[in-house]
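In what follows, chain A forms one complex with chain B and a second complex with chain C.
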Partner chain A sequence: MNKLQIKSISVVIMLVLLSGCFHSNVLERTSISVAVGYDKIGEGKIQTSSVLYGATSKEGKESSQVITVEGETSKGARLNLNQKLGYKVVSGQIRFIAYEGELARDGILSIVDTLSRDPSYGDMMYLAVTEKPIRDILAYKYPNISNVGNYLTRLIAHNIEDSWVPSCTLHDFRNDFYSAGKEAVLPIVERTNNEVNVTALALFQKDVMVGKIEPEQAVYIKLLLDREQPESLEVKMQKDGMAKYVKNVHHPFETIKTALGNLGSKSSIKLISKDELQFDIHIRMNVELQEISEDYDFTEKGAVQQLETELSKQMSIDLLNALNQLKRLKSDAVGFGEVYRSSVRNSRLTKDRWQDMFPKAKFNTKVTVNLIRTGTIE
Partner chain B sequence: MTTANMAFSDIASYLKLELNQLLPNCSDLVVHGINSSVAVCYVSGLVDTKVLSSSILSVLTMLDEDEVNTELIRQTITICEIEREGNLDQVALKLLQGHVYIAVLDEYEGLLCNIANFPTRAISASENETVIFGPVLGFNESLSSNIAILRSYIKDPDLVTEPHMLGTKMETRIQLTYMSEYVDQQYVDYVKSKLKQIKTDGLLGNALLVQKLQNHPYTIFPLMTLTERPDRTVQALMEGKVVIFMEGDSHVIIGPSSFIDFFLSVEDRYMSWGTGLFIRMLRFIGLMMSVFLTPVYVAALTFHYQMIPPALIVSLIETRTKVPFPPLIETLLLEITMELLREAGVRLPTKVCQTIGIVGGIVIGQAAVQAGFTSNILIMLVALAALGSFTTPNYLMGTSIRLIRYPMIFMAGLWGILGIVFVAMVIFIHLLRQTSLGRPYLFPIFPFRGKDLTVDMLLTPRAHYSYRVTPTKSGLKSNETENNQQSDTASSNSSSSNET
Partner chain C sequence: MDVRIKPRPNKRIQSFALLFIICNVQIGIGVFGFQRYVAREAGHDAWISVLLAGLVCHFSGWMILRVLRRYESADLYGIHQDLFGRWIGGALSIVLILYYVIVTVTILRTYIEAVQSWIFPEFPTWLLAVVLLFLSWYAGISGLRVIAGVSFMGFLVIFAFSMLYYNPIQYGQWNRLLPIAEASPYQLFNGAVAMGFTLSGFEIVFFLYPYLKDKEKSQKYMQLSMLLTNALYLFIMIVTTIFFSQDQLLRSVWSSINMLKIVKYPFLERIEVLAMGVWMFAVVPGIIILTWVISRGMRRLFNFEHKKVLIIFSIGVFVVSLVFHNRQQIDMLNNLISKMSLIISFVYPIILNIAVAVVWSWRQRQANKGEGGSQHEQTSN
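On to the complex of A and B.
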């Protein structure tokens, strides 16, 4: 036998023998999990609920199956999951993971850590928090939702893209957790009767949930945070200088409500004084007016400019309120710490130091609104 | 001959005796005595009987029996190719090539007239390489008429046709053809040296000659193009390539060829660059689909459920749960069914072929899914893959592409995507090692020549005017656009037709 023959025979043997070691996951012989929720039940015990693709239905509709098990750790719970299922549970299709609020208030690092350690989990799955036990959300029989796991994923994804929810992937969470000057935010998901919806944002200190922020304020955080921007936002202002442009007053009013479509915004955060910890926050927005509560007369001279100034004024107040809310909860979701760290030489900023410093920060907010279209013929 | 002649009163019976010894069991040998002193012999079927009777027999019968001699015959009969020959061994050989031998009593030398007319088929449209647009003419099995077709395109003394003989028994005639001005001499030398090395009784067709000319005997890829289209041949000649014609084969060999050449059709040049490019791209997409589609299905379903988009996973699970086999077996089963259908379609007479279509469409398509034999999605993928492999313009390459799918499916079933990459790498390394007439097989890609690649792929307007943008020197660029501009327009009908 010459060398080539020995080589080729050994290759064939290698193909045959080594292939046996390779572990296969044949699609229909696995239980594919699409969403997982963790509830706290008693001290040190975790209840894991998992949404799986169910046995096929005749109509070919998406169907799901929810299994709940208990365990000391999340990994232990997953092992217990296998005892209840005909096929091995696999986690490569999980795109949504939720933690019960109580669990989140105790800290969720251990579970998040397991997720990032296991390569079969994707990095881009969404994390969320719930106020009530997750089992109620996942196991509920919704009349209009066939697979609640996939539904929740879509819900979060489109809200990140179009609305006020900041990106909340596992990757983002870990990135925020390990960065010195920024804290994580996760959306809060709730079930009301037959619907699930995103209600607020949960604010974190490290891996511990410390409070929440309402959508009206969350919009401003999203404006400062992401490349993706909210498509629209609502602003409510005092009538003040605008009263004279309102025609046909049918009823007395104190405030004017507007809905704005966001056509593109730019935000900048600058550290003005490192000793007083003063930040300049400036948002420039191009907007179109989608709705206004009163019969506003745009044809009149100065009307549009007046609206712009009032909007700018009101929005900078709202922005400041949102930031003060963060300050109160000591959770720097925007990442002022990162601005500080990159502006101050040799700052040696650590997470703990920034947590002490952040409540002392002062913000000068400024919003410049540029009203591009009013939606009416002028 | 004179002495021997004396024993016989007429030349015909003498010739019959002698030739029967040289060609013992040759039943189609005809020896025809005109009169006692003149005889004609030939092999029936090889000569043109019309010429024989009108130009030879009618003249010979007019001549006076007593005054006849070879010189007189030579002057009277109206055949151009006449030579004198006295050696009967030579005569026997020539008779087998379609000559007529005229012998005269009492003369040592007879006359050999070439009126050969080997049975051949008329020139017709090329059937295997069909085009919708452009000249439809195809070569036939006759070497001389093929060369004639070629000369009708290129009327230039630069066109070299070198005759060679192959084989000890069959004596296959081949013609090495190239444009002496454009060709890279190293290709010509390469072919000549290879031809010298060939030891065989004879070759039945050019496809066998290709195998003898390539370096790597075990490759499954065709290393040289076989075509029966004159316009493609002319284009290759103008690009400075070597073309080999063979007597008895309508296909000619074009070399050197690169891997990409097999996916290009002459027709592409006849279209505008945009449509041409689109169709070329379509073929490469077809290639990718036919090679990778089913292996990726096997890999994704066996190992990589993570890759499957959530919208697809539900319907996949649904169809797969009914199937009793693992994805690997399921796919191999269906792919082999597909190949069986194709092979059956080729072998059966055309009239029965329709039945195959029905069997394939109804039985395999519908019943297999309903019986829970395969999944719907796989049937679609296999059909797409088959469709992709049909788009390859070259039949030999199309077959090779079909073949490499199987190791890929197999390895995908064993190792998943890793297996696909593994097989793809093995094939890629294999391709890198191949040469065609000494030029790398993957030429414009490796060694990388961006300019050639763009001309090949993009069909820039320049590619229409000049054929010589593709290099002739292996690896070296030679770009003589201006030189051959003139000869192009003069000689090639095909290129000028598409500019209008």
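On to the complex of A and C.
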């Protein structure tokens, strides 16, 4: 054999021997976890519930299995998990993590950091909070949901995309936690009988949950965060100036309710006075009317303009209320602190300082609604 | 040892290859986590520091080629001997070789550390070290042309993967860059200093220069190569700054890999694992070029046989890299090497320029004084 042959043979041998699987995880021989929930039980003890893929039935329907263990730390609980399972638990497919409210009120940073420290977890899994023990949600036998872990992931994902839930991935949470002028928000998930739903947003101070905000107000926070957009929102207005455009009044009414489809919005937050901490908040929205509670006459002159003005007026009040709710709870979920930090030179802003300053902030809100169309009818 | 070397034409490479080689030596492993070192000094103005360091880098590159042009076809080992004489020059060359040995160990060990942290926690250090060193030995005995080829591969990998950073931009908040230039000049300077080791590596042109076919184009390709490197670093630094919040960045050891964690395709959910593996293509060229530089040096200084040096060197690096067990030690190694690289890549070219100017003008004067000046110069060589 000449030199070249030896060389090429050795290269082939290298390729064959060294490309082998160093550490294989056979799919059938692993317990794949898809969702995890943490409950607080007693002082310093954590109960971990993990939703695993169950065996697929003959009809091809996926099933799930829920295992609950206790431990001093979240990682310790996971080690205990292995004692209850035939196969090793793998965590690369976890998409949903929930914390019980009790735990969230004590602070969840250590658990969040554990997740981030381990490269086998993705950064894009969703975090959520529950008011009742998370075990009740995960271990409940739902007649219509085959794998509650996957279901919850989809629930959160589409609510982020289309509805009022702001993005709540692990990355977002850590990003907010470590920034000086913004606090994290996580959705609150509840079970009512045979359904699970997202009910509100949990507001945080650092890693401690301090309160919640209802969907009607949360939608404004989402509008200000400016990444995904809510698809629609409801506005309830006083009839005042609009009464004259309403035809066929069959019953006395005080308010007009509308449902608007969001065709695209832009928001801007400006710091106009750094000493008085005054912020100008302006949202510009293109909307289409999807529903209106009264028989509103759009053909009449000025009717559309009037509706736009009333909508703008009402929405800027609602926006202000949402922001005041944040101020009351001292949780800057929108990130006014970041605006402050980026517009004031040498502010040396820290999280603690901003927490003291934020309640003193003043907001001037303005919403400009642009009614593009009223659906397919007038 | 001759000061000037004339490699055979079939061993030479085109100046064009500098574009890949220099880029690759510079980028290698440092791009994984340089951001937090700069951000620790300069905060959200880190990108200005990167820009400054990049400019200094261009200047240093220009200085290096200025020295090399004077000698027409010499490498640094020869220049050392010419300027400082056999003993002092030789000692300097040995220091330089030792430096490159440590750099090789650092690159190797840092990459293995990253692989162990991200993909295979139980992966034995020695196995990956053997694989990488086998590659470097193989390329080392095959000569500069193979090295240039491997560098081209690494170059492609680096720039293909930098496209992935489009995704983190979408999650970025641009106001994190504001207010611009909040950091004091001193902080910016410190940030630029922190870029030292990340940017160093371009000085290997000191050893490649005699092997270039078209030397007059070397300046052009070298500056172009450094421009690409600087553009990439600047881009990644800006993306990192807008993507991470300040404290979050300081906490992540491999920020560049962390950013890839959010990239998701339906067929490939965890691209950072792939990136880690493929990045070997970007790390290997760095190791093999340094291996080549070291074995050249041993041959030039002591007339050792190329192949033997390669084997001894590989075993040596292998043993040394096993000494480092944990993150602290590897960090310590990185800190040590970053100070040295500052001196060798950025300060030393200036010193050399001065030395060349002094020695050459002194020789000129000697030549003018005595009538047999040319003979004097001959002996002083």
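Here, the second predicted complex is superposed on the first by the 353 of 378 C-alpha atoms of A that agree within 3 Å, B and C clash if a C-alpha of one lies under 4 Å from a C-alpha of the other, contacts with A are read in each partner's own complex, and residues count from 1 in each chain.
The definition used in the following text is that a contact is a pair of C-beta atoms (placed from the backbone, for glycine too) under 8 Å apart; a residue touches a chain by one contact, two chains touch by 3 or more.
Only a predicted model underlies this, so the values are computations on that prediction, with no experimental measurement involved.
Trainee: Is A:R95 touching the first partner chain B, the second partner chain C, both, or neither of them?
Mentor: first
Trainee: After the superposition on A, what does A:G302 contact: first (chain B), second (chain C), both or neither?
Mentor: Neither chain B nor chain C is touched by A:G302.
Trainee: Contacts for A:Y53 in the overlay, against chain B (first) and chain C (second): which applies, first, second, both or neither?
Mentor: It touches chain B, and chain C stays clear.
Trainee: Once the shared chain is lined up, is A:G264 touching chain B (first), chain C (second), both, or neither of them?
Mentor: In the superposed model, A:G264 contacts neither chain B nor chain C.
Trainee: Tell me which partner A:R345 touches in the superposition: chain B (first), chain C (second), both or neither.
Mentor: Only chain C is touched by A:R345; chain B is not.
Trainee: Classify the contacts of A:S24 with the two partner chains as first (chain B alone), second (chain C alone), both, or neither.
Mentor: First partner only, chain B.
Trainee: After superposition on the shared chain, which partner residues are touched by A:D176: those of chain B (first), chain C (second), both, or neither?
Mentor: The second partner, chain C, only.
Trainee: What is the contact status of A:P359 with respect to chain B (first) and chain C (second): first, second, both, or neither?
Mentor: neither
Trainee: Just to be sure I read the superposition right, which of the two partners does A:P119 touch: chain B = first, chain C = second, or both, or neither?
Mentor: A:P119 sits against chain C, while chain B stays out of touch.
Trainee: Which chain A residues lie in the overlap of the chain B contact set and the chain C contact set?
Mentor: Touching chain B in the first complex and chain C in the second, residues 22, 92, 122 of chain A appear in both lists.
Trainee: So in the complex, which bits of chain A are touching chain C?
Mentor: 14, 18, 22-23, 92, 119, 122-124, 169, 171, 174-180, 182, 227, 338-339, 342-346
Trainee: Touching chain A in the complex: which residues of chain B?
Mentor: Contacts found on chain B: 300-306, 308, 310, 313-318, 320-321, 323, 326-327, 411, 414-416.
Trainee: Report the residues of chain C in contact with chain A in the complex, numbered from low to high.
Mentor: Touch residues, chain C against chain A: 117-120, 122-123, 131, 134, 171, 173, 175-179, 182, 244-248, 251, 258, 261-262, 264, 269-270, 272.
Trainee: Which residues of chain A touch chain B once you look at their complex with the stated criterion?
Mentor: Residues 15, 19, 22, 24-28, 30, 32, 34, 53, 55-56, 60, 62, 90, 92-93, 95, 120, 122, 150, 153.
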